[in-house]
Each structure stands twice: as C-alpha cells, then as structure tokens.
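In what follows, a structure is listed as structure tokens, so that the remarks can point back to it.
Chains here go by letter, A, B, C and D, matching the order in which they are written, and residues are numbered from 1 within each.
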Amino acid sequence: MVDQADAPVGVEVPAALEMHGIVKRFPGVVANDGVDLEIRKGEIHCLLGENGAGKTTLMRILYGLYQPDDGEIVLHGEPARITSPKAALAHRIGMVHQHFHLVATLSVQENIVLGLSEGTGPFLRSRATRARIERLAEEYGLQVDPAAKVWQLSVGQQQRVEILKALYRDAHILIMDEPTSVLTPQEVDSLFGTLRTLVDDGLTIIFITHKLDEVMEVSDRVTVLQKGKVVATVNTAETSKAELARLMVGREVVFRLEKRTHEHGEVVLEVSDLHASNDRGLPALRGVSFDLHESEILGVAGVSGNGQHELSEVLTGLRRATKGSAILEAKDLTGCSAREIADMGVAHVPTERIRVGTVSSMSVRENLILKSYRSPEYSRWMLLDEKAAQRNAREAMREYEISAPHDGTSAGNLSGGNIQRLVLARELCGSPRFIVAAHPTYGLDVGATEQIRQVLLDQRDNGAGILLISEDLDEIMQLSDRILVLYEGEVMGTVTCDEANIDEIGLMMAGSRREEVGL
Amino acid sequence: MTKRVLVVLGILALLVFGSAVALADEYVPGTPMKVGFVYVGPVTDYGWTAAHDQARQICVDTYPWLETIYVETVAEGEEGATIDKFINEEGCDVVITTSFGFIWGTQEKAQQYTDKIFFHCTGFLREPNMATYMADFYQIYYLNGLIAGALTETNKLGYIAAVPIPELKRHISAFAVGAREVNADAEVHVRWTNEWVDPIGAAAATNALIAEGCDGFAFTEDTASVVQVAAENEMFSFGHYSPMYVFSEEYCVSGQIAHWEEIYLDFFKKIYDGDYTAHNLKNVDYWWLLQEKAVEAGCDPGMVINPAFEAELKGIMHNDPLLGDISVYDLVMTRLQQMSDPGITFDPFEGPIYDRKGELRVPAGCILSFSELTQMQWAAAGIVGAWPDEP
Amino acid sequence: MTRPNWLRIERREALTPWVVFSVSFAAIVAALLAAGIFFKGYGVSPVRAYGLIVSGALGNKVGLAETVRRTIPLLLCGVGLTIAFRALFWNIGAEGQLLVGAMAAAGVALFVPLPEVLRLPAMLVAGFIGGGLWALLPAFLKVKLGVNDVISTLMLNYIAAFVMQYLIQGPWKGPTARGFAYTDKFPSSAILARIPGTPIHWLTLILGVVAAVIAFIWVARTRQGFEIRVVGENPDAARYAGISQAKVILVAMLVSGGLAGLAGVGEAAGIHRMLLAPVKLSAGYGYTAIIVAWLARRNPLAVIVTSLLFGVIMAGGDVIKVTLGLPFQLVNVFNGLILFFLIGSEIFMRYKVSIVWRRS
Amino acid sequence: MSWQSWVISTFAFMLSYGTPLLLATLGEIFAERAGVLNLGIEGMMIMGAYSAFVTAYVTGNPWFGVLVAGAVGCGFSIIHAVASITLRANQVVSGLALTLLGLGLSGVLGRPWGGRPLPNTLPEITIPGLSKIPILGPSLFEGHSLLVYIAILLVPVLWYVLFRTRIGITIRSVGEDPATADSLGVSVSRVRYLSVAFGGLLAGVAGGYLSVSYYPAWTEGLTGGMGWIVVALTIFAFWNPGMGLLGSFLFAALYHLSFRLQPWVAPELLRALPYLFAILVLAFVSRGTLQRKAGAPSALTIPYTRGQD
C-alpha cells in the first residue's frame, strides 16, 4: 500500500479537488466505499481500475449525475455540494463521457451552446459563438465544422466536439472517461497532445482508464481503485506497469496463458470479397477476404467502427452482404438467415452480451434456450418443455460455473462475468465448428477473463475455428494464431502471432497496409 | 389464478340466472303515479331533450299525484337496462322513451313487463301496453316557408338538417311548399350534418350555404348555431324547438316551439282516470299539431312573428286564389288560424303538389294521409341538394 | 431530473403480484376519496353513493347484468391488447378494430346468403378476420417502414369510424330504418343468444374467458409465446437469436385485432342486433380496454379481473345517473380521476420510494 | 356558381375554422418536440371553451375570456405533465385520462350555461387596404377576429423560437436526447413541464376561440373531436410550425368543402382524409435520413430517468 505521505513531493501544489469518504450504494452493490481522492492543480491524474471498480461512478458523482450517500467534495479548499451537472459546470468541471452526450439531430454549434446562457435572453450570438469555437479548435487541434449535424460526424470528430463543449464552458477540471477506447493509436497520440497543451494552459485533467500503457504514457499521478475502494495513489514516475497491475487486480497477473501450438486443420470458413453497409447505409466492408481453419483462432484487430461489427453480423446472418461470399462447409452464409446459420452450428458471442446476448428480464433457464427452444429437445408440438429446459440449465450452470441463486433468476440480476458465462454456455453447447467471438472479455474482471479465454482456447484445441474480434490488443496477441487488421472495412493485412509486433499492428489499424509497414 | 377467476365468474353467472325478476303489480287508477323518462340527450341541450324535460316539470307542477324521475344521455342499447332500473328499483308505473333509437328496446321491455305502461316518442311500434306520440312541426315549417319566401332577395333559402329521416324531409318539403307559394322562384338548399347536436358542423354548413348565395335559414339541429351565424351575416333565420329570439332579436323572424306537456298532461290524466291501462294502448298514437297546441309558431312564446319584421311583411303583397290580394303577414296569420281551428280548414300538403322530379305526389283536392306523412321520402319542388333515399 | 435528497427512489428488483394489487387498490381508494368531493358538492354522502354504486353494479340482477355486458367487450379487447403490448406494439387501435369486426359481421349477416346454422359462425370468423386485418395494417407499417404504432393505430380508429358512418348512411342503410342511420335488423339466425332477461350474449362472454386462458398459456408456455416475450422484452436479442420480429408482431397484431373484432361482433349481433353509428355501437370500449390491459400488467388472465373492474365502473355510471340523479358527466370525471390515481401509483410499483433522514 | 365564390368562401372558412386547429397544433408541436405526447388536447380545448365562455359572459369581456381559457388549459395540461414527467406514467393512458376528465368536468360545470347567447363576442376586424384586394380581400382580411391573425403571426415567431433560439435548441435536445441535455445542466423535467404547459395554454386559447368567437355559446362537447384532429395535424406538420399552418388550413378547407360538395361527394370520405394523410406522412419520414431531418422526436413518449441512458 503506497501512502500519500511518503510519496516524495516537490513543490507543494495546492489541491484543485478533494473527495473525502465518498460512499455510493446501488441495489445489491456498493459502487464507492469511502473513496478519498486528491487531485492537484494542473496535473493529469489517472483513475485506474478494472471495469466495475467504481471509477465512472465516482466521476458521475463529481459531475453531479449521482448524489453520494455519504462523503464530501472540496474544490479549491471550499466544500462544494454538486447536485447537478449544471452545478458541476458552474464549478468549472467538465466531463467527456465514454458514450458521447451529443444530440444527433442538432448541429455541432448548437450542441456546444446547448445549456449555456450567453447572449441576451433567448437569442443566440451565432457569429461570435462560431468564431470562438473555431479559435478553440485552432488552439488545441480539434478541427470540426461547427455547422455540421452531429449524426454526420465520425466518432473521432464527435469526441472533439465533446472536448470543445467542455472547453467552451472554460472548464478548469476536465474528466475524460475512457476516451481512447474508440480511437486509432494515431488519434490517441493527437488526443494526448491536446491534453498536454491543456494542462500547460493550467487545466486539471482526470483521466479514467483501465489500460496500463496509457497511464504510464500520459499521467502525472495515478489513483488505483479496486471494488469501490482506493488501493493507492502513486506518482507515475515512481511506479511500473507490473506494480499498477498488481494494485489493480490485487494479485500478480499471469500475462500469458499457455497455448499449445499445433497444425491447423483444413479450411472451415472461406470469406471472399465480402461487402456490406452499416446502419447509415454507408459501405462498412469493402472486399474482405480471408480463410479460417480448424483449430485456429483468427484475431481481428482494429479500432472500433472499422467494420468488425458489420463483419461479425454478416457472418452470423444479422446483416445482409451486398457482395461476396462466406462459404462454411460448402454453404454460403451470406444467403442465410440468422436462424439458419445458428442451426448450422455457428456460435456467436455478441459484442453487447447484456443488450443483445441475453434478455435481462427473462430467467437464466429461458436465456439458455434462447436459440434452441425450437429443437425437439425442448419442445413438444407447440409447447415448451420446462423440465428439459431446467435440466439443461442445471448442467450449464454447473459446467460453466454460472453463479446464480437458481435457474429462475432473471439474467439481469447476474454479474457481467456470469452473464458472459451464460452466453458461452448457450453458444458452445454441441461443440460448434465455427465461433464468432466479439469482445468476449470486455469489461470482465481478471478471473472471468482468464476463464473465458481458456474456454476459447479449449474450443480451438477441440477443432473449432474461431473468429476473435477485440479492441484489446493484448487479448488478440495472446489468443490468436493469426491476426487480421481491418481499417475502414478493408483488410490491411494478416500476420501470424509470432511475427506480430504491436507498433506495426497499430500502424495498420491506422490505415497503412502491411507491405507499407515493412513486414 | 385461472381457477379462482373461473370460480368468480361461475358465481356471477349464478347470480344473473338465480335472482328472479321482481315484478311490481299493475298501476291502480287514482293512486299516486310514478313516471320514468328516458332521455337521449342531456337535459341541458337547447332543443329536444330540454323541451321534454320542461314538459316533465310542468306536469309535476300540475298534477300533485304525479312523481317523475329521469335519466339523461342514455345511449342506444342501454335503454333496456335503464327501463329495468326504473321498474324494478324505482317502481315506476309508466316509462317514457324519447328517441326513435329506443324503439326496439322499449318494445322488448313492454313485452317483458306487460303490466307497465310505455310511451315511445316518434316511433311506429305499439303494444297493448305501449303507445306512441309525436308533436309535429310541418304546419309551422310551412308558415316559416311563407315568411322566408317573401323575405328572400336571392330567392335562395338555406336549410340545415340533422339526419335524412321522413320527419325532416316532411319539414323541409313543407318549408319549400310555403316558400314557393309566395315566391315561385324560391329554392331551398339543404345540407345534412348527420348529427342532432353539432353546433360547429351546423355553423360550417350555414357558411357553405351562405357561399351558395342563400340569405335566409331554417334548420333542424339542437343548438342555436344557425341563428347566430345567420345573424352575424345579417341574414334572417327561424328558431327551432326552443325560444331562440334571445339569440338574435334582430334577425330571428319566427320559428317553432314544442309543448310536449300538452301530450303528457293528457296521457297521464287518462291513465289516472283509468281510461288508459296496460291493455288498451295498441292503437293509441298521439299525432298532435297546432290544433292541439302541442306546437307553437314563433321564436318566442306568444310571438308568432318578430315585430322587427312585421312592417316589412305587411308591405309584401300576395295574390291567393281564395283570399285574393293579401299581405304575407296576414296570410301567415290566416293560415295559422285555419290550422289551429278545431275543424282544420287548411293543410300545407294540399294537392296538387309535385316533387322536384316533376312527379305528382298529391293530386288536386287531396291531402296526405297520416301514414303518407310519416313515411314521406320525396322532396317537394324547389328543394336543392343531396336527398338520401329519394324515390 | 433533480430530486430532493430526502426522497430516495430505487428501482424495484422484482414486481410481486402483492405489490401490484396493494398499490392499485390504494390508488383506487385514494381516487374515490378525491371523487367524493363531487358527491359532497351535490349534497350526497360519498359513503352512501359508493355503497349504492357497488350494490347497484353487483348487488342485483340488472346491475350485475349491465356490469357483465360492459365486461365482455373490455375482456376481448383487453386480452388482445395484452398480446400486442407483450410484443412491444402499442396498439391504441382496438376501437377501430372493434368497429371493423362489427362491419364485417354485419356484412355477413345482411348480405351473404348462407345456411342459417352457418351464419353466426361465419360472422364470428369474419369479425375476427376483419379486426385482424385492420390491425395488420399498422403492424406492416411499423415492420416495413417503422411508422410509430401509437399514432398509426390511433388514426386508423377514425378512418374505421368514418367508413362505418359512410356505410350506414349510404350503401348499407336499411330500408326498414325509416331513414335513420341504421342497417336493417339482423335476421334471427344472425343474433347472438342472450341469457334470458339480461343483455348478456353469453357465447361472446365464454369466448372472452377462453381467449384469456388460451392467451395466457400461449404467451407463457408455447414456442411462439416465447418468441413474443423475447421480442417484447428485447428486440435486439430476438434478432440475435434468429427470431423474426416482423413475424411475431404481425401474428400478435392479427390476434389482438381479431379479438377486438370479436368484441365488435358481440356488440353488433348481441346488443344492437344491427349496425349503427360508431359512437352508439361502442361506448369507447377499445380505448377503455387499453387501460384494462395496461392495468392487468399485460397478463391475459389478470384482464378477466381488470375488465370486470371497469365493467363495474361503467355500470356504476348508471347508478350515478338513475339512482342518485346526478349529472351523467360525473362518470367521465370519476373515470378520469381513477385513471390519474392509477397511473400516479405506477411509480410506486416500478420504484421503491422511501424517505431518508440524512444527518447534516 | 362562380369560381370566385368558391375561393372566397373556402379561404374565409380556412381562417375562421382553421385557427383553433392551428393554435392547438402549434401547442402540441412544442409539447411533442420536448418529447411529451399529449393526447389530452380534446380535454384541454373543451375546458378552455367552457371557461372562456363563462368568463366572457360574466365579465362581458371576450378577450379576458380567452386569457382565462389559456390559463385553464395551461393548468389542465400540468396534470398530464405531473403524471407523465414527474411520475413517469404512460403518456398515452395519461392523455386519454385527461380527455375524459376535461369532457366530464366541462360537462358538469357547464350545465347551467347551455342555451345562452354570448352578448359580446370577439370583435371582427377589417384590415384597411388589404381588404380591398379582389377575392383575397373579402376572404382573408375581412370579418375575422384579431385572434385569427395573432395565431397566424405566431407561426413564424414560434418557428424562429424553435429553430433559431436557445429555447428551441433546449426543447429539441430534450425531445431528442434528454440524457445529453441533462448532462449539460438542462433540467429535462423543467423544459418538458414548460413545453407541455405552453401546449396546454394554446389548446386552451383554441377552445376559447371556439366559444367566444366561432360559436359564441356553450354546448357540452362542443369541440366535437377537434383535439384528435390536432394529434393528426401535428404529425402531418412534421412537428414544424410552418407545416402546422398548412395542415390546419388544408383540413379546414376540406371540412368546408365536405359541406359545399355534399350533393356530389360523401362527406365522411373527405373528412377521413386528414387521418389518412397523417399515416402516409409517417410512412414517408419514419426511416433513414428523413427520420433525422423530419421524423418524430426520438424521445417522444419516453419518460426520462437520470442514469438509465
């Protein structure tokens, strides 16, 4: 336990913000359990912790979105009661949410002035506003067209709007909630650049993340949260990834699972010249081609929004391909419905396990037969066979260690890890030959992560061909036999895991072809 | 869950079947009488139901032995239940239903409660214990027609009518006959609202007719909407059902007022005296007109013609084959007299009368029989506009 | 939305029938207390008034019969609506579907030459299909074009009413109706039998109860019911599981509208025995049924109870008019009040509302 | 029948009958733009009509009547606001309840007031100069009350407010994405309350116009279903005041023609058209970029609870 006191302090910097003994309870969980936090003026302070450690909750309290059940907030030495975002903004606190808070149908400019009360009465000073936005954009490298409607912007641009929004309200403390999860390495660099200029101009930045590299790269100090408690606050200069990781998970992490290398079997899936459009009707996949073999994990790397999502949907029948084919066992998937594909024994671990993979309000038992409910196994004529479903549930819960009071508990009451186990239990029954796993461990604690990765490796060893889509490069590197990089719907290249190198993959994710990055 | 609900329903069913019909005994003449009125509209409308309810109050004030109860705005299909309540719970001896739509329900109940007396307005079905009645305006519409025909300058008169039933067709034709009598070029333009109470629609219809060039209005709708719109446009109009002089003292010339009490008073008295019983009503059908004072000409009690128009109407002369040269004012008064006298000496539908298709409907020297009047579908000459079921 | 700190509102984990019942009950009591003011205003003791209303609606043959008569259409429409709502389709169109059902039945009754024995069955089938097809229209619009279901179904109610108005004033107007806007009386073979001395057309009542039971089993125990629930609870998961949302919505709406159509057949062939003005044929049953279904928490079996409750409320209106001789408009006021208290009570079902004393 | 007379009567009626529709539609547009569907318009209008008549009758001042009508409509709409915003009740059910309540209450309170003419109604004005224009003059600039022109002037004003001012931005953001508005310190409930109240105000005034100008007397149920037409018109208008004007007047014209054309066309069919239009419009704008540009507010009918986005 590194203590605040014995962290050597140079010049005494006044605290911009202190939070004392913050407690926040939600039904069933204590999200923040007596959290103490001290942020110094002009620093980039990382809040490190796994998903569910309470980082976001703490910041939502600071931003007035939640009211703490206990504890106090001190700003520049003054105790402050922040009852609403309005109050937070009044205290010069700005927040860039992980999921952007932008009104899609409004213009950039309208989004930026939304909620402000400048100008006289209800009237806007459009020209002046526009000028100021352009000035800020210039100053901090956040170029974006003030007149554009937000729904027309790219994700990166939308994040710029978010930052501009905070700056426009001259925030002195800027909270960034996992800002890099949607950016390319290059965009990340320019973001970090922006952050530094901001800090030089005297802003204080609180940076929420669970990525150790980012902490090391950008922060001055780190506060590590674990299960709603602060485990340490340390100077970045005096710590290491390993130490942070230990603080974060509370034990040494095994950074490599043992992976038996062996010969891959014949081709399971043959994708050639696949095209598809996204929800806005714009091309999302442009001629993707690749092979997937038995007993192979093919990792698909890429910044989110570059076609991975569409790829997984096309291969599982949730999205129509506009061109090309995906041959599974001599059958073209692009022509098939989701149901037909599922019946062919294709397993799909969806990106959003809670919103898509399960029905929260229905029982574990029912969720486990979400796809197989029609099979004679679970239904007689039109009627469902509750008994069979129950038996199935009992076995699955035992085999995959799904911890739930009983099989009648509604899925919504399960923890993230257990929900993912539930999904896997359902998808992997009957050992599928082809598995699409999208972000299988996203937001899970280390224990669950390890278990689920192991399950995938076992499936691979049993001969399944697995398409692993993930934004977590570490995961891709660990599990994949080969790595395929997508950029704007095109394959930048494929590398085997032993020749893989994170920097080059990063470049490919940023849009340079494999040959260009000299592999 | 299922079981419990089914049990509950079972019990309900039992109750429905089980409870026997509580039959009160027949009314004894000379004893206090309780009468239940089933109204189709709210007693606060300014037409049909209001008129019936005023009549009811007059009866109560007149006969100390009379007790009444009423239910307003009874939807069609609910009259049966209301009648049941009147008889079983309120112990009514007589039930009065004031809408054509209640006809079948009333008959059904009359057949069920054979010892109670039923009185149905505007209907044509009768039972030994179910009589029918109607106070009709056609004579007055004819009088209004005379005035309108004389006053119109565009020779186009407007008539806003609720629903195309024989009653209204009769009135419109009478109005047209009157207008044509004093003004051969007079046309009566008709618009249907298909609602008995629809002030907004009536106003819209009036506007439409004004646009057609009409400059005077009669109507059948239970609000004063038409009178008001006409007045706004400085055009004359005829009140309907209730005294509408108040709505336009300048432009409301005349109109029709109902006095249902005349019928009710007579009916109740006869029951009280034992003349009418639950066994001899099969052929009792009141068809009361000016002569019986069941209806009155004018837009305010006692005012046949609005004084504001007296002079003008006295100035307009008309040549009548029998009466010779006579002012329209006097003509109206004479006709009123002729139709109010005990021995009626005039009827608006006195032949020869042709319909607008040129077909002879009433041969010279004849008048229409009661059943011809009550089932009238043809449109008199001079009527313009849609005319459903025109023969 | 900002909330005072002393008030804590938490989502309820699970909604127990007990909570639903007690909260709803409390709400209705509160509503009656509020409505009592009006009775006082008219110099009638509320206690006496309510006593009369209950006894008038349940305590005697006539009242009970009226209550049940009102319950029948509410039950049929209500059960149908629970299914539509289960599939996450906001069907506000029961009224229109009811009218179309009535029109279809009337058409068969009056203009289709059929052997006597077949006429009623044919009318019921026609009514079901008519209502069902009318309901499929908005379902298609939603599935194919994403048209807002609340609005489209609402609009279709008016279109149905105008069509009906047109029919009875024009082509279908009965020669024996003496010019009034009615069709002719249905032939005796097209009239639903009633329980003697009451207006209860029992066949429809039975159909309603059976529908409720079957619907319950259908939703809770069958494969298709499973699909309906998945679609209703989480459309994305349904897509993911390969369940066709379109198909489910169409099926649900077909049944939903069909049952409303049956209610229409009941009103036409059981009560009026002819087709007449829409406002006369249905006392807004289709709209009240929305509340009935919503109050039943989308549970078809519970509709049996809630429809009965509103049957009592509607029949109670007669008592207010007849026995108490109060203005009939009070009925609407009461229904309005009761509704507001019920929806007001919703929050106590979805959230546990507690007062916390924070030490300062 | 000269064509002029058709134009004149139709235009004149468009204004006199279209005005209440326009007022109420403008109000509903604001409520729905803020994400609250209010099916209680009929109830608010009839209450407005009732209170306007009584006030005007008692005080002898029709304008005062209109004001009170606005206040009453406003107050009445607050009931819906409390139910659907604070208590997060189902907006459809709450709206239906409001209509029931309005029809009932106005009926009960209005009983003594039936069958009386309103002595002094809203004065009809003639616009000097403009009224001289052939055809348009007599139809548009003569014999209408000032309220008619106020309603029409409201259209550009409200359009500007909705699309060019901070108020508009706030309202639209609350109707599109309340969570975002909230995160920027906009009080979602406050904005929604105000929008609904504004809608109620206009609905009340619309009712008032009916009872002190269009039909200066009290009859229960006098709005005769206008409130539901407004629901249709609001959609037909793409939630845009300008289109609201077009829709209201178009419907008024159709209603007028349903009477003028009665000898040739069945009126029911003409009157069913607006509802048909509303559905067709929806069919066009419910998908794709059109949805973004002209579709319904995304959060319409969805209650907002912080932290559940």
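Side notes on the structure shown:
In this section, a residue touches a chain if its C-beta (ideal position, glycine included) is under 8 Å from a C-beta of that chain, and two chains touch if they have at least 3 such contacts.
All of these numbers come straight from a predicted model, not from anything done at the bench.
Of the two chain pairs examined here, C-D and A-C, the one linked by more C-beta pairs in contact is C-D. If you average the CA atoms of chain C and of chain D, the two centres end up 28 Å from each other.
A straight line joining the Cα centres of chain A and chain B is 78 Å long.
Between the CA-based centres of chain A and chain C the separation comes to 46 Å, rounded to the whole angstrom. Taking each chain's centre as the mean of its C-alpha atoms, chain A lies 46 Å from chain D. In chain C, the residues that reach two or more other chains under the touch definition are 2, 165, 169-170, 327-329.
Under the contact definition stated at the top, the residues of chain D that touch 2 or more other chains are 107, 111, 182, 187, 220, 306.
Each of residues 84 in chain A touches at least two other chains.
Pairs of chains in mutual contact: A-C, A-D, B-C, B-D, C-D. By the touch criterion given at the top, residues 161, 164-167, 169-170, 172-173, 176-177, 179-187, 288, 292, 298, 306-307, 309 of chain D touch chain A in their complex. The residues of chain D lying in touch with chain B in their complex are 1, 5-6, 8-9, 12-13, 16-17, 107, 110-112, 114-117, 210, 214-217, 219-224, 226, 255-256, 259-260, 262-263, 267.
Of all the residues in chain A, the ones that touch chain C in their complex are 27, 67, 83-84, 316-318, 337-342, 348, 350, 352, 355-362, 366, 370-371, 373-374, 379, 382-384, 386, 410, 413. Chain contact summary for the complex, chain A toward chain D: residues 60, 63, 65-66, 84-89, 95, 97, 99, 101-106, 110-111, 113-117, 119, 122-124, 149, 151, 165, 281.
Contact residues on chain B toward chain D in their complex (touch as defined above): 42, 44-46, 50, 191-192, 194, 197-201, 203-205, 207-208, 210-213, 223-225, 228, 242, 246-248, 384-386.
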